[in-house]
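Here's the structure we're looking at; comments come further down.
A, B, C and D are the chain letters, set down in written order, and residue numbers restart from 1 in every chain.
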Amino acid sequence: MAIASAINMLRETAPSVSEERNLETVEMTINMGPQHPSTHGVFRMVLTLEGERVKNVQSHIGYLHRGAEKLGESGEIEGYRKAMITLDRTDYLSSLLNEHAYVMAVEKLAGISVPERAEYIRIILGELTRINSHCMFYGAFGADSGATTPYMYAFALREEIQQLFEAVGGARMFPNYYRAGGLREDVPHDFVHRVQAIIDRAFYAFDDFDNLITANEIFLSRTRGLGILDQTRALDLGVSGPLLRATGLPYDVRRSEPYSIYDRFAFDVPVGTTGDCYERYLIRQEEMRQSIRIIEQALKDLPGGPIMGNAPKALRPPKGEAYVRIENSRGDFGVYLVSDGKSSAPYRVKYRSPCFVNLQSLNDMVIGTYIADAVVALGSIDIVLGEVDR
Amino acid sequence: MGLSALAFYVVAGVTLVSALGVVVARSVVYAALLLILSLVMTGLIYLLLLADFLALIQILVYGGTVSILLLFALMLTPPETRPQLNHRGWALGAVSSGALFVLLLVASLADTWPAAGAVRHIGLVDLGRALFSTWAVPFEVASVVLLVALLGALTIARSTSPSSKIAPRASA
Amino acid sequence: MRGVLGGFFQTLKSFLTKPVTRLYPYEKPPLEARFMGAPSLLWDDAVDEVVCVACNICARSCPDDCITLTGDKYTDGKTNKKNIIKDYFIDLGRCSYCGICVEVCPFDANEMSPHFELSTYDRMTLVYDKDQLIEIGRGVTRRTGKPEPVGPLPGILDPSTYR
Amino acid sequence: MSNNAASELTLQAVPSWMPAFLVAPMIGGLSLADLIALVVLLLFVLIFVMIEIWMERKVAGHIQLRRGPLHVGPHGSLQSPADVLKLLTKEDLTPVAADRIVFPMAPYLVFVPVFLTFLVIPWGPLVLFGNFVVRPFDLGLVYMVAIPAMQGIGLVMAGWSSGNKYSLLGSARVVAQLISYELPMVIALLGVAMMAESLNLTTIVESQMKQGWNVFLQPIGFLVFFLATMSEMSRAPFDIAVAESEIVGGPFVEYSGMRWGIFYLAEFAAVCLNSALSTALFLGGWELFPGSRALGLGWISDQFGLLFFMGKMIVLVLIIQWARFVLPRLRIDQLMDFAWKFLLPAAFVNFILTAILQVFGFVPFAIGIGLTLALAAVLLATYQARRSPSTVALMRTSPESVPTSKGVGLPV
């Protein structure tokens, strides 16, 4: 009897090892962001983990929502100018590229022509902005994969580009320099000289970038084969920019539907084959070099002449709508404007921001990888939260 | 009773108290931490017996490695859901450990021990010679046992569990 | 292995080059001629009074609504303006330094000054009144829309220092 | 042999090292000299850690085109004392979810093992001051493996008791890392022990003066030991336990003030410790250059050995710091792969080669080294061929042949 009861007691207390459940790791939900060093601002991922592995990820956005589109529709006077101020601050890394899209939309809406010189200057500054933004990606991506030095390398080059922006537009990040019909004012007289100096510097800088981590075995093993997005899935999600090109599709708005004067320049569109994080990185590295090519050609052909077209002083476009797409540093950026023909502010402003769309691919990339990979995959999308949340 | 005896009583007392704590503690992690303490104290007892090599190995293996593994397993239960130990089987535990204690007591009283001062520090060279000549077979048997345990652990770990159903997307 | 070693050599190279840091509080950054700091009110030295005529266009054009001004009847008779400002406030904590107020001003009465060091313990001190705005605007000349000045601009980077 | 147990257990008869610190106070055997030595050692560690932190920040600064600390003292050299003052005056927070008993205890359990390990290091002689070899520790090699292993418990306790999931993940990583890297490290050390036929660190240094530095006789062993210790102390690129871009500092997330400072102290003391151990075990300790004794220059090492030891140690510290600012971080599975698939086999190869050297002499050993290197080269080549770096294709396409937004189905 005593033995039987003892055995019963054992049965009660002993853990049932035979059950498979006991070998499972307990699921853990961690809250990455909005205050996390590698969620690029105020992005928040809720990760469901099994040990180190990510089982599920849920993204939360909106922490930086400022209603940029609605603010763009306000204003009793100068509404078309005011919208650009808030647009600049959505994607704060490609502000001049987005300004370009916006002024093109206004020009289309109001039927304003742009002088040659202004177009060339817009191209030069836009491509510099692209380099500026890709530098930021380079630094942030390095930091996400655990290397601290790329940030500083990237910022040394960014600093000089921003110094040029300050000289041209008066501000380093949000110059508010383009106007419907041209530019706010002409570039400084030593503009060509200074851009040339930046190009010369950039060639060395890109080599330095490459030497630092591009061929690094640890970096390769961290990024290759990670976050693969195949072409059909990418198209289904509406992904654009370097993410789409990494899947092998040479879709670049500058090439596919050349806007402004991009059809005059020879440049190559880098495409990948597998669509992993490393190829996204390589594509951005190559795009910086191609941007330099475009800038060189534009500088050579930079014409003189006026910088303002036939824009009226008080802008009041006729009733209608306009949609303009450009290739900004993150992908296919679109501006949609509606004018009611009466007010001096747009009736409706809508931005199609590439980050917001690209971010939808996060779940495809992250689920099934490790936490460390989740950070790298998020970095490879190169999000700017200001643009995602708007 | 010299100072060394005093040292022994202090160390042995701490060992016993912490060992008792292992059984009594309601939190598994506390139990594990107290177990580590008692294991390290056992190492100190070895030291007092002039078995310095054994003491260090005790600290390395039990204090450093085994206990970390133990804590590792416990940690995977998040703090808010960590199991509280129930003491339902205490009677059985008391009886079995009491029996073991009696057995050890009888065995140690039956054996003849060297006099307190006759404890000799055994050098590493002698230890090595003993392990690889006199005790070579048990030594090898022990290693085989460890290997079997290792393989068993591997088999359990690699058995199909729900966690392995998530295919890693990263092929790297 | 080669990639790792390449990183080591690259960092060794950058270890031996000159740092790019500017010691900001001790070394002032080179400000470009067009640098847009806080908006300021311009002072007409010829008649020794403020240029502004309180037309309120800047306040209405401001995307951030950071300008508040009230006008007064102009009685001095030195110029032929009808109104002059009584109060003029700019909340620099809200200002986004876009320069629209300068652009839209029909009287060239304001300009973006190089003033940018705004650190303070109290955000109310960021609301600049008329006198402060005139003070930071002293010596600033109206540049926007004027032809480019000839000669080297301050803060131009010498290309020979890059490498 | 005396019959009196108490007199038996004096510092001379007891293997003279660990009781000196732990048991000696209990048996009344701690001499004033021991006490002074301990205080001096503690002061040395504290001061060296401060210098080391300043060094690291300067190295980081200049590598990253910055300047590093500048304002406190000449070239910012007093930045570390200033930081210590700041940490001392900072509020010491204990999170609500933290465990009240374990949480405050953890930092000390991390630092104390590191400090205790400093006892075994043979610092070398200096003229006028005599030899800084503290004691001839017979089991030095076992001691220096066993005691730092205790550090892991402290880290696990810190991670668990913080009540933070990030720190929990961090301490899970610490455990995996410690267990994987302990093994290759110990096996790499077997080669050293076999070369010197002793576990005594002083003997190991002296044997290197006779037969050449271990770094030349045991290059594989040195590599394995150096990398394994770098991983043990969680330094980049093996810093997955604190990985600030993933788990924001791991076990230390919730610590603040001086408790956090003690973790920091332990981390940097560990860098110093492991550099010193590498110097003693592989770089000939306090010898000026290999073979200096044969050239009749042994007296330089005998007089100023301490300086050479410190010099080598600082060079190693600089290399460790350099690596931190170059390399990205490994992922946890890659870290495990590296330990089990590369370091462990390499350590075994080193072990076998050392056995060959000791039993069959130098010629078979040299052949073995050659074969190993050839094998490694072949393996590396196949590995590289298997994963040749991909490049991005440049599409020199005309605008017409490029897909348009309609063609790719992007929303208009």
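Note that a residue touches a chain if its C-beta (ideal position, glycine included) is under 8 Å from a C-beta of that chain, and two chains touch if they have at least 3 such contacts.
Since we're looking at a predicted model, the values are computed, not measured.
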Minimal step count in the chain contact network, chain B to chain C: 2
Between A-C and C-D, the pair joined by more C-beta contacts: A-C
Whole-Å gap separating chain C and chain D, where each centre is the average of the chain's CA atoms: 53
Mean-CA-position distance for chain B and chain A (Å): 56
Distance between the centres, which are taken as Cα means, of chain D and chain B, whole angstrom: 27
Per-residue overlap in chain C, given as positions that touch at least 2 other chains: 1, 4, 7, 10-11, 14, 20
Junction residues of chain D, two or more chains touched: 63-66, 165, 168, 172, 325-327
Numbers and ranges of chain B residues touching at least 2 other chains: 76, 78
Residues of chain A defined as touching chain C within the complex: 71, 75-78, 81-82, 85-86, 88-89, 149, 153, 156, 159-160, 163, 166-171, 174, 176, 184-186, 188-190, 193-194, 196-197, 200-201, 204, 208, 211-220
Contact set on chain D toward chain B in their complex: 1-9, 13-15, 18-19, 22-23, 26-28, 97, 99, 101-102, 138-139, 142-143, 145-147, 149-150, 152-153, 156-157, 159-160, 163, 165, 168, 171-172, 175-176, 178-179, 182, 199
Residues of chain A defined as touching chain D within the complex: 28, 30, 36-38, 49, 51-52, 142-149, 151-153, 156, 212-213, 215-216, 218-222, 224, 235, 238, 240, 244, 249-253, 255-258, 263, 268-274, 278-279, 282-283, 286, 323, 325, 332, 352, 370-373, 375
Residues of chain D that touch chain A when the two form their complex: 60, 63-66, 165-166, 168-169, 172-173, 236-237, 239-240, 243-248, 324-334, 387, 389-397, 399, 402-405, 407-412
Residues of chain C defined as touching chain D within the complex: 1, 4, 7-8, 10-11, 14-15, 17, 19-21, 23
